[in-house]
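Two complexes follow with chain A in common, the first pairing it with chain B and the second with chain C.
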Partner chain A sequence: MADLRDVAVIGCGCTKFGENFEWGVDDMLTMACFEAIEDAGIEPGEIQAGWIGMQYPFTGFSGATLSDAIKVYDIPITHVENYCVSGLDAFRNACLAVASEQYDIVIACGVEKITDQGGRGLPTSGMGHPVMMAGLTAPSAFGLAFTRHSLEFGTTKEHLAHVAVKNHRNGAANPKAHFRREVTIEQVLKAPPIAGPLGLLDCCPISDGSAAVIITRKDIAKKKRDDFVTIKGMGMSAYTNLMMYNKDFDYLAWRPTVKAAEAAYKMAGIKEPAKEIDLAECHDCFTITEILNVEDLGFCKKGEGGPATVEGRFNIDGEVAVNPSGGLKCFGHPIGATGIRMIYEVTKQLQGRADGMQREGAKVGLAHNLGGLGGIVCGIVILTNEN
Partner chain B sequence: MAGIVAYGAYIPKLRLERKQIAESWGTPGAPGEIAVGNFDEDSITMAVEAGRDCLLDEPDGVGGLYFASTSAPYAEKSCSTIVASVLDLQPDALVADFGTTLSAGANALVAAVAAVDDGLAESVLVTCAECRVPEPKTSDEQTLGDGAGALLVGKKDVIADIKGLHTAYDEILGSWRTAEEKRIHDFNPRFYAAKGYIPAMVASIKSSLEKFGVGESEISKFIYGAPDLRSHGQVAKSIGVKDPSRIQDPLFAFVGGLGSAQPLAMLAAALEDASPGETFLLVGWGDAYNVMLLEVTDGIKSLKPRRGVKGHVESKQGLGSYAKYLRLKELLEVDVDAGSSSPIQTWRDRKAIYPLYGKKCNKCGEVYFPPRRVCPYCKNYGDNLDWRLKRKGKLWNFIHDYLYQSEESPTTLTITDLEGGGRIFLQMTDRIVDEVEVGMDVELTFRKINEAGHFYNYYWKTRPVR
Partner chain C sequence: MADLRDVAVIGCGCTKFGENFEWGVDDMLTMACFEAIEDAGIEPGEIQAGWIGMQYPFTGFSGATLSDAIKVYDIPITHVENYCVSGLDAFRNACLAVASEQYDIVIACGVEKITDQGGRGLPTSGMGHPVMMAGLTAPSAFGLAFTRHSLEFGTTKEHLAHVAVKNHRNGAANPKAHFRREVTIEQVLKAPPIAGPLGLLDCCPISDGSAAVIITRKDIAKKKRDDFVTIKGMGMSAYTNLMMYNKDFDYLAWRPTVKAAEAAYKMAGIKEPAKEIDLAECHDCFTITEILNVEDLGFCKKGEGGPATVEGRFNIDGEVAVNPSGGLKCFGHPIGATGIRMIYEVTKQLQGRADGMQREGAKVGLAHNLGGLGGIVCGIVILTNEN
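So, the complex of A and B:
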């Protein structure tokens, strides 16, 4: 059996994210998958298995959503649903299958078609208990962390605004990003309120989109291209849907991020993340989410996420370039597609062919995908071009 | 004979000044204000709150629950069983629903006395709540208020003995509402006062006193409701009581007409100020004019303090605008996503949703909620104990959410550490946005969450201590 470190990404594709009113699920999935297939230099018929990340049933049911899009019949395809980590978990399962040598070439993709639903925010109706969970929205579930984090560490709304400004600066340069414009601190601070300190510009948008990657083993990858990237570390952790009832949960850290990072860093042999990682696509569904995440990932000390962002330590040329793509905040967040989109971005950064802002000389990149209301599950993948 | 063992009341926190209604129509406004149930309140939730005030959240030994209202949320479906479940009454408790008449509250009280006297139940908690919908621009609009009263009828620890009962009825069309309608009709209030309410009330008082062999001057307080303040005063005049302190305040000034809940709330208010030996004459009104002669006992001195009518009346918050009133009374339609729900799930979770049971871990002793089988702290599986959570605690975390589609924006979401253990996530109601802070004392209140699944979904919320 091969090792997870022998698993390579040889092709990746991604649609433009945004309010893609003119494209359906099938359109976007097809575009992303064929871009990845062409990028890998393979034929669709070479794909031996597939994993597809989708969160919402109105986007699609089961693995056949993928086989219908690219017409690869008669192979195993698995639908992965794991909140906002659906995409990254699809990738993880695909990697494990390749590492086990069950398959040689597989596809992992993700898609979400949210705008057909109308309404504001992510649909939560029918999710969770009808009365016990009534009222909880995504921005509130994450925003609850601000209340405790600001009491403990003095984090401010201005700190949050700097996350939005940084990610919009990066995303504005990215032709596939949902938003192509920068924002100012003042605009972020004056945006209409959404939840607690989070204004409209502290929240990622409602986006449609799809992303796909082709995965194989290193020995096969070498025959396909020189600049493939390989897995260096991987970690995944699920906590609880009921964190708001748990007195051990302090809202100062996303526990799944901490645990998944421990596992990924251990596998990668990373001791000082801020020095050893060049860039990170980090889950920033809301600005406060990124503040805690950069602390939990060890990019700065606990409690310093706000000031460290203000100091520019996570800018494209900072200690760690955090969200060079623009992140969920600016690039967009079609739930099931996001994790794969992160792999797409990290891969292209490590290949030196980023669509937007390029982190110069990047050797190690991290994809961090956090899901569920208030950070229930987290998947982390560390990729490298040092093969 | 049975007696009154305890009293409770509930008046919603929101109030609308009468002049705000009048200004909207360009008509002269009366002084004072009316109490208006919030968007998450109805007769069931208010009956629960009055019942809790009466029992002080200690339901042990209560043998029955009566619910009375003309504005019950269900036309077919018991409300008393919901109230009894929330109050955590024993499964063999006697329950019954009374409705359709403004004498429903007093009727339930008489029925409770009969049930206790017959030995059918050791005690019966009578709850009565109203949130009637007037026709806009009528005098009813400035008259009616929302609220509830509760009286515990029993034989032990009685605070007021029942010395006599008298019954009477009167058939006349005063105010009415057909089964299909939401708003009440009031054809001619002056006709109803002159030919219905006043003569019936006066006759009932006079004949009951005669029957009881008690002189008018021996009654410390006449406690009777009325359709409006003017009619109420005319009854006092007709029975010849000149001392206003002997006529119990009908609560019109700062609460409004409580309809069938009036007799219960008024008796509760009278008992708040009562001294042993005082004699009360309580009269229901509407269609039945049942009379109860009461004598306050020494037991009144040892009754534990409660919020009662006074405490609730003092704790108030301006509603703000007449438009909000129209919406609260559902006279203004808005499109609200009701979400989804299931009677099966509600039934399965009834012990968590209604009396708010969590679990106490048999191994580590931690209290946790929701009541899942495995302790989230020590992971003990299987034998954890059912545990009724306390209804107060300290706010540990909160956020104001502007995204959730609700009648009230923002929706305040709270995480509370409860007294006696357990951390719980709940919406907060009856709060002022800028006054919510970590560490504040909160209490729990039973509210309507939504109408998902075409039925009323109830649960608990937090609120700042009233």
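So, the complex of A and C:
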């Protein structure tokens, strides 16, 4: 078989994220896909199969929506829905299919239209789910994590604010980011409360957007461009729907991230993540989530996420540039598109052509998504330009 | 790589389909998965990855629901949603992953809970979609196909009734079928109208149910059981969301089926489907759909589907046993579960241990799903016991 490490990304595209009132799902999907197709230097007709990540479809939703966007018909297209990991899992299945050598060139993309769905977007009202209906929303679940982390390790709201300031600084430089402005520590601390200890500027926005990448094998990639990137590691892990009720769940680490990272690092041969990874797009749906992520991903010791952020260890020129794009926090979070947008960002960083801030000399980059009720599913992809 | 033809099914399970008021999604999933696990003679812990097909999730839905059902955590699980092809596409992605040799043993399953979802099940009210809201439902779309087929080829309501009679005769013998009764030509013809020319007994029911299969490579399968089955052919095809508005769409053939069959037959090396395929589970959501399917799949000439059915060519002992399980029409149709249920049926037929009527000496069996608005996505899998 083609080794999974021989799977390559040869093109990527991404719309501006934000309140894209003037664009529908079809518009955004078409823009992202054709940017990726042009970037890869291929014709649409060369695409042999597709995968699309989307969490909140209008009515039903089939692969045909992607067929219509790229105007390529009669090929297999799979729609993957896995909460916030939808995009990254679509990418993973596309990579496995390429590794199986059933297809030469495929497309993986993600899209979401959330801001003006008339209440049919995010399930803010719970939509009948027993936990959500009881009021446990994403901000309140991660708010509990901050309280516990604070009690155990002394993490403060100032630490959280430094995450927001860093990610807005990165995102402000990125023309495709949802928000293009910096924020100050004072602004974050004084923002209106959303849930428990988390304020408005601790939370990522609800965004519209789409991203797409073209995937092939290394031997074909070589004929298309010199600066393709390849898979170095991959991990995915699903835990239980009842995680937050488990008596052994301490809100101090997210097991899906820990387990997916173990698998991805093992495949990549990475022993010291902070030294061997140059940049990471990680799932900063809330500022506290990034602090947990950098710990769970091994970029610093457990409990040190806050101080390490303040020290600048995750700045663009720090040990690991964390969310150089601006992250979910500033770049935005159209659920199904986010994982593919991360692959887009990591690929462009490794090619030395980031839209915003560039991590100098980047050789290894990681994408990380956490999804589901309280964070029960995780996907991790590690890419490299050292082929 | 492991050839896709070296991918094997070594175990399968299926709940009773029907109005399963006493069971929830979790219950049905657990029953189907553990039946498959026991049938394969493996321990749950041997499962390295999972795929689940489900079209109408409660609130959000992630792979963790399957983790909880099989009590296997920290593995990758993908949720696939692709209309009526959701289950078969979950199976397809699982097979590609096994062919990539990233996993040795995986599970693919499907589940749906429709009958008592309080209106949140099938989108009968259109849920905002411009076509559905205008009143074009599944029965009315396929009703148009009957009108056209009738005009062109003289297909009659009596021909349709013979499909229902055959599939109810098959399903009545199957303890897991939704309906376990035969119907007469007269009953079908006198049934209350549903949409246009189609009556109640021309339509498949809305059902609850779940099915699961265990997939591995041939070299591992040999150690588990002698009567495993392997992939002989596979095809999938997505067309356009606007198919029914295309000026070249004549309602006489379903292009996704024709294209997916081309791909599957090419891979399988099948030249004369009616002679080389012993049985087929095909997507008889309506009686007219089966008539179109047997033509599109090449089991008879275009236009001959009705008379061929009346002649008994698709009976259990006919040229091709079509829907020996009873099909969607009688066995039931829990959307996400249906494709996997077909793999279950074909596998058991090829092992000579069908739950209901057995096709004697079956060596090659086909599963076929048609899904999406008007039938715009198709998946086909051909299995064989000739390894």
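Just so we're on the same page, the second predicted complex is superposed on the first by the 371 of 387 C-alpha atoms of A that agree within 3 Å, B and C clash if a C-alpha of one lies under 4 Å from a C-alpha of the other, contacts with A are read in each partner's own complex, and residues count from 1 in each chain.
Everything that follows uses one rule, which is that a contact is a pair of C-beta atoms (placed from the backbone, for glycine too) under 8 Å apart; a residue touches a chain by one contact, two chains touch by 3 or more.
Fair warning: this is a prediction, and the values are worked out from it, not measured in the lab.
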Chain B versus chain C as contact partner of A:Leu151, first or second or both or neither: first
Which superposed partner A:Asp248 touches (first chain B, second chain C, both, neither): first
Touch count on chain A, higher of chain B and chain C: C
Partner chain(s) touched by A:Ser67 [first = chain B, second = chain C, both, neither]: second
Which of chain B and chain C A:His79 touches, first, second, both or neither: second
First, second, both or neither for A:Thr240, with chain B first and chain C second: both
Contacts of A:Leu136 with chain B and chain C, given as first, second, both or neither: first
First (chain B), second (chain C), both or neither touched by A:Ala195: first
Touched partner set for A:Ile185, first chain B, second chain C, both or neither: neither
Partner chain in contact with A:Asn93 - chain B first, chain C second, else both or neither: second
Common interface positions of chain A, toward chain B and toward chain C: 120, 126, 129, 132, 240, 242
Chain A partner contacts - residues on chain B that touch it in the complex: 337, 339-342, 345-346, 349, 352-353, 368-370, 376-377, 397-406, 410-411, 413, 415, 417, 423-425, 427, 438, 449-450, 452-453, 457-459
Chain B partner contacts - residues on chain A that touch it in the complex: 119-121, 125-126, 129-137, 139-140, 143-144, 146-148, 151, 192-196, 240, 242, 244-248, 251
Residues of chain C defined as touching chain A within the complex: 1-2, 4, 50, 55, 57-68, 73-83, 85, 89, 92-93, 96-97, 99-102, 120, 123, 126-129, 132, 235-242, 255-256, 259, 371-373, 376-377, 379
